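Encoded as structure tokens, here's the structure I'll be asking about.
We just call them A, B, C and D in the order they show up, numbering each chain from 1.
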Amino acid sequence: MIGALAVRAGLAQPTGCVTELPEFGGAGLPGLGDLVFGGHDIVPTPLEKKAAALAGAGIVPARLVEALREELAGVEENLRQVPLADNQAATAELISADITEFRLRHGLERVVVINVSTTEPAPEPHPAYADLELLEAELAVSQDLLPPSALTAYAAFRAGCPYVDFTPSTGARLPALDRLAGLAGLPYGGHDGKTGETLVKSVLAPMFAQRNLRVRTWSGMNLLGGGDGANLADPAANAAKAASKQRVLGETLGYTPQGETRIEYVEDIGDFKTAWDLVTFEGFLGTPMRMEFTWHGCDSALAAPLILDLARLTAAAHRSGRTGPLGELAFFFKDPLGVVPHALADQWRVLREFAGTLGGEEPV
Amino acid sequence: MIGALAVRAGLAQPTGCVTELPEFGGAGLPGLGDLVFGGHDIVPTPLEKKAAALAGAGIVPARLVEALREELAGVEENLRQVPLADNQAATAELISADITEFRLRHGLERVVVINVSTTEPAPEPHPAYADLELLEAELAVSQDLLPPSALTAYAAFRAGCPYVDFTPSTGARLPALDRLAGLAGLPYGGHDGKTGETLVKSVLAPMFAQRNLRVRTWSGMNLLGGGDGANLADPAANAAKAASKQRVLGETLGYTPQGETRIEYVEDIGDFKTAWDLVTFEGFLGTPMRMEFTWHGCDSALAAPLILDLARLTAAAHRSGRTGPLGELAFFFKDPLGVVPHALADQWRVLREFAGTLGGEEPV
Amino acid sequence: MIGALAVRAGLAQPTGCVTELPEFGGAGLPGLGDLVFGGHDIVPTPLEKKAAALAGAGIVPARLVEALREELAGVEENLRQVPLADNQAATAELISADITEFRLRHGLERVVVINVSTTEPAPEPHPAYADLELLEAELAVSQDLLPPSALTAYAAFRAGCPYVDFTPSTGARLPALDRLAGLAGLPYGGHDGKTGETLVKSVLAPMFAQRNLRVRTWSGMNLLGGGDGANLADPAANAAKAASKQRVLGETLGYTPQGETRIEYVEDIGDFKTAWDLVTFEGFLGTPMRMEFTWHGCDSALAAPLILDLARLTAAAHRSGRTGPLGELAFFFKDPLGVVPHALADQWRVLREFAGTLGGEEPV
Amino acid sequence: MIGALAVRAGLAQPTGCVTELPEFGGAGLPGLGDLVFGGHDIVPTPLEKKAAALAGAGIVPARLVEALREELAGVEENLRQVPLADNQAATAELISADITEFRLRHGLERVVVINVSTTEPAPEPHPAYADLELLEAELAVSQDLLPPSALTAYAAFRAGCPYVDFTPSTGARLPALDRLAGLAGLPYGGHDGKTGETLVKSVLAPMFAQRNLRVRTWSGMNLLGGGDGANLADPAANAAKAASKQRVLGETLGYTPQGETRIEYVEDIGDFKTAWDLVTFEGFLGTPMRMEFTWHGCDSALAAPLILDLARLTAAAHRSGRTGPLGELAFFFKDPLGVVPHALADQWRVLREFAGTLGGEEPV
């Protein structure tokens, strides 16, 4: 966001922003400068304070925070605390109302709701998840039927807005919500932004497969600080993440090698993440070989431009009448929706073709 | 070769052999069992001794060498020392004669000549390189006009055989030889088998490009033992190799990051190679990030199945009437011929399409 | 053992054997050739089969197993299955009897009992652990008061033999057993052979301390196959190990950095272990820096010579009248007994001084 | 220097400063706050600009530079451009005069001259290097007999000041200069601050030696930016450095393993250095194993506190009457003077003993 404001103000390059590549020039995507930001959080930390923290950690240049003070104050006015009513149906209505109010106040063509909140544990199965009517009936009398991500998706759809989930949480991934999106003619996307180790896996695994080299083990260790790290130290949240991180291996290799992906919280590392992976593989006549890599990336610097990409692409998909799960966004996700390729190169091709079908001129 | 014999005898899996993947099932390639091996070397070490050395180093299981003793003896009979006559024209004739004799003795449909000999220094430019008639006139009076790889390509074409260069040497890469291949209706391929660090680069570099992350430096260190390592300790030979290893970066990123690729000979490492690469890159708002990888591969185990692949694909290309440089084989090479994609995924797509055009039934 | 036999037969170098360094020449240790091996296991796999497995995995040269067939058969005769009686007192008597019978049959001066069996979970505290008389009373009526390692230590002491624990299990680390060793005039040693990641830590941590660099985090990942790995996949056994692995940090740095050591079982890696550690540290004016290392070691090749060292040193300590915990053996252990230095260099100095006090000439 | 000023002003911790460890509390070293800084450079870049550059690169906190503006201006007044006269004798006199003037102006007890300038190529041998009288005769008629580092050592000695060389350059390492130091009753120290890869080697190599593990190869790659990196890209300067980096291996292992240390300049890395080392070693029965490490350190943050240490220790040595080469400072150097231990732990012990002999109370 700071980034988008900075790029718009000509203060920064759009490095890391996929939709700024020449390949997407003709897709008629909304301009970075046409985006207006708003949001919900459960904690009311002022933006200015968050920006100062990012600057202190060296992730955002302090001069940018300084230069964008006014723009940030503007965005601050669009932030709301997550509403809470007597039951989830009423809460959803309040969320929808906030979204609609935001759209009207800024005279926006459309709003894309993107979930970037703390990863939730997966909920227990419930019959209402598969039945929209039952779901609505239960929401009216329940306070915790849907996890927040799914409730937000529900509220977004009710407000006529597409929804994208950048986290491994439930989001719109329930048959009842898929049905609602279909009825409302809305597209949705997810899951779990692919910004580090899994990104690397999604190019290395196809390499082994295409060379017919047999991967025997693939073990990974992720050390991360930051709020996400603290939360993922919780085994329940962690489980969802670790699973979505190994999925790419089975999908691109055609079998699942031994090994696991571990996540460890190390406060001192801050917003940076260090991942180490060991791959052992076998060549001609069984010769054992190995590869290891270390990835030292800044999660927020990697995620921020992708969120801009997703907002632009999803807005354009909405405008062009797409509805249901956007499998074509698999390029951005660890655990993409739908039956889609998992090799990054194939996802890239699909994404470019998808962009080619979105042409048009209206802003968001 | 031991590998091909072993696979044919049902003693080993064709791991590492690309053309054994299901994707190539319909390409009508010659069967691994239909290949017959022969060759030229300057040193007359018996095959059995080389096989014993590979077994001793743990690269080939000793039981295979034992089990294939007879088959190896059969191949031994097809090996010749590189002939040498009074001038290069006469030498080429002897080479051609050896090839033709080999083809006739075994009743083969066709022979693919593949250069896997020691890397040569690049020759000085010479006017005859660009002019077939001048070349032939000069060969008749010279003993060192063409480096061995190019002389072999010349002899192969004269014998009506396609030629593939697995090394960074000159091979068929001279306008005069390209013209000869054209006149003779022969395809040729190269250069420099892609079996380690460059293979990894060819998937990582596109990843950075597609994510619009700016690679600032890419530095590599290759430690290798074996004959190839000893030779590459020679700066002249080394130069060609190092250049072909960095080419993929410029081609896939669109700019050349800082850094070099070094090669160091460490006898003790034997036929294994350890490569370490450091990549520094920049994300949104200039955040500096980094990745490093270590590749520990066995060069011969990685190269051997690719040589089988190249023999099969080039034979099929010859059969189907292809002539000139086979850019479609870029998937296999560090420094591919022609204007071709350098991202492995694109090379893979091109290779599969290529295989789809080769259909037919005849053996080699 | 294969190693000791091979070194004795002049078939191998004593690489990895500390007591073969010139520094220990004058210590009057028993010769490698004077050692006689025997032991207890719960599984009756014949030695020959274990040796063949090690040869198959490339850890022991096949030619050695071949050449030592006869010697191995000799050792086989000294192996017994762990006896089991109606109560632990009776079981201990059977173990003692086996040890004594072994000593007499071979006319040995002394026997050092070394525990190299599977790591046990730590037992619940029990009042008898601190009171030798109570312990003996309870053993007579219990089948599971002591974990196997402690029962073996008890039996060893009862048979007049020193005891060394190469595992993180309980062993002689109970006040009641310490008292018994004192009464019997016996030395004992332990815990947990230091053969990989912790060895490296024990030199790197002092380096940071001596340079006054502040270590902020130290996180490790151990991937291991083999029997030990399978067992350590069990969180209970694992806990003891992980704790003993981090202890060196607190002891040498004077504070405990963030981070943990994880152990993951990866069958395919076999007897090799790959450990990766990330250390982040802070220099002058808080500048953040980092170091990472990968250790790829063969656990049995590292442990075997140390077990010979421990047998020789403990035998000599016994001969020279030492009794109680041998803190001077800290060089060999992750979790050494007593209040001892944890920096490898200090442990080395202590070990050499200790060896200097053992002088004498008798064999084991 | 910024660091020393900051520590003195209570604005920073003395992290990385060895002489601030409790072990050196009783050594009567001059206080950090008693040090006064001055110096010569060939380029007249103002301190404030250098400090701003360090702050910009994130090596020194910007708030410190701000807070210390006044103190820095004070130091600025003590900086001079290197003088140049008609011959080296006259130049040396000017240097001496600058030093003496600095000492008198600040009423200092003594001045320690420390060379931290660009690494020089090694000079050709010359007879005057071994003969003080010949040297003085030649200096009077020559402009380039001595490289700058040696001329500075000469001038320091003439001014009655100890000299320390933090670089691999010649410094006081000429018999004629050693004689001069002896005559003048002055101590001197060097060579080449040990701040990264070699530091790690000096603890790992003894570990392998003490465990009787045979190191087969040790290959290193140093990627560095900064002025030092640019200079070391010059093979002549580089040679001295690379040699001093491998010396520790031969000295602590007792043999020289295969492999080399490479240095590569990568501008983008700035003042940080990334070193990668691969060590292959052999255990019991020849089992091949390996270790690799990556060191990512900030050269100036590591060097600055050591320069304070060297100033304090050398001042105290001078005060206590020590003369000639200070082998006891080996802890700080890659290529220490004299016949000294190369294992860091031994150097550490020697250093502490040395500090114990320096007791007294006078300031610098």
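The criterion applied here is as follows: a residue touches a chain if its C-beta (ideal position, glycine included) is under 8 Å from a C-beta of that chain, and two chains touch if they have at least 3 such contacts.
By chain, UniProt protein names: A, B, C, D = Inositol-3-phosphate synthase.
Because the structure is a prediction, the values reported are computed rather than measured.
Trainee: What's the fewest number of moves from subunit A (Inositol-3-phosphate synthase) to subunit D (Inositol-3-phosphate synthase), given that each move must go to a chain touching the current one?
Mentor: Between subunit A (Inositol-3-phosphate synthase) and subunit D (Inositol-3-phosphate synthase), the shortest chain-hopping route counts 2.
Trainee: In terms of C-beta pairs in contact, which of B-D and C-D ranks higher?
Mentor: C-D
Trainee: On a C-alpha centroid basis, what's the spacing between subunit C (Inositol-3-phosphate synthase) and subunit D (Inositol-3-phosphate synthase), in Å?
Mentor: The mean C-alpha positions of subunit C (Inositol-3-phosphate synthase) and subunit D (Inositol-3-phosphate synthase) differ by 43 Å.
Trainee: Centroid of subunit B (Inositol-3-phosphate synthase) to centroid of subunit D (Inositol-3-phosphate synthase), CA atoms only: how many Å?
Mentor: Taking the average C-alpha coordinate of subunit B (Inositol-3-phosphate synthase) and of subunit D (Inositol-3-phosphate synthase), the gap between them is 49 Å.
Trainee: Can you list the subunit D (Inositol-3-phosphate synthase) residues in contact with two or more other chains?
Mentor: 292, 294
Trainee: Spell out the residues on subunit D (Inositol-3-phosphate synthase) that touch subunit B (Inositol-3-phosphate synthase) in their complex, using ranges where they run on.
Mentor: By the definition above, subunit D (Inositol-3-phosphate synthase) touches subunit B (Inositol-3-phosphate synthase) via 216-217, 219, 221, 223, 258-260, 262, 264, 266-269, 274, 276, 278, 280, 292, 294.
Trainee: Help me check something: in the complex, which residues belonging to subunit A (Inositol-3-phosphate synthase) touch subunit B (Inositol-3-phosphate synthase)?
Mentor: Per the stated touch rule, the residues are 2-3, 6, 12-18, 20-21, 59-61, 64, 199-200, 203-204, 206-207, 210-214, 282-287, 289-298, 301-302, 304-305, 331, 343-346, 348.
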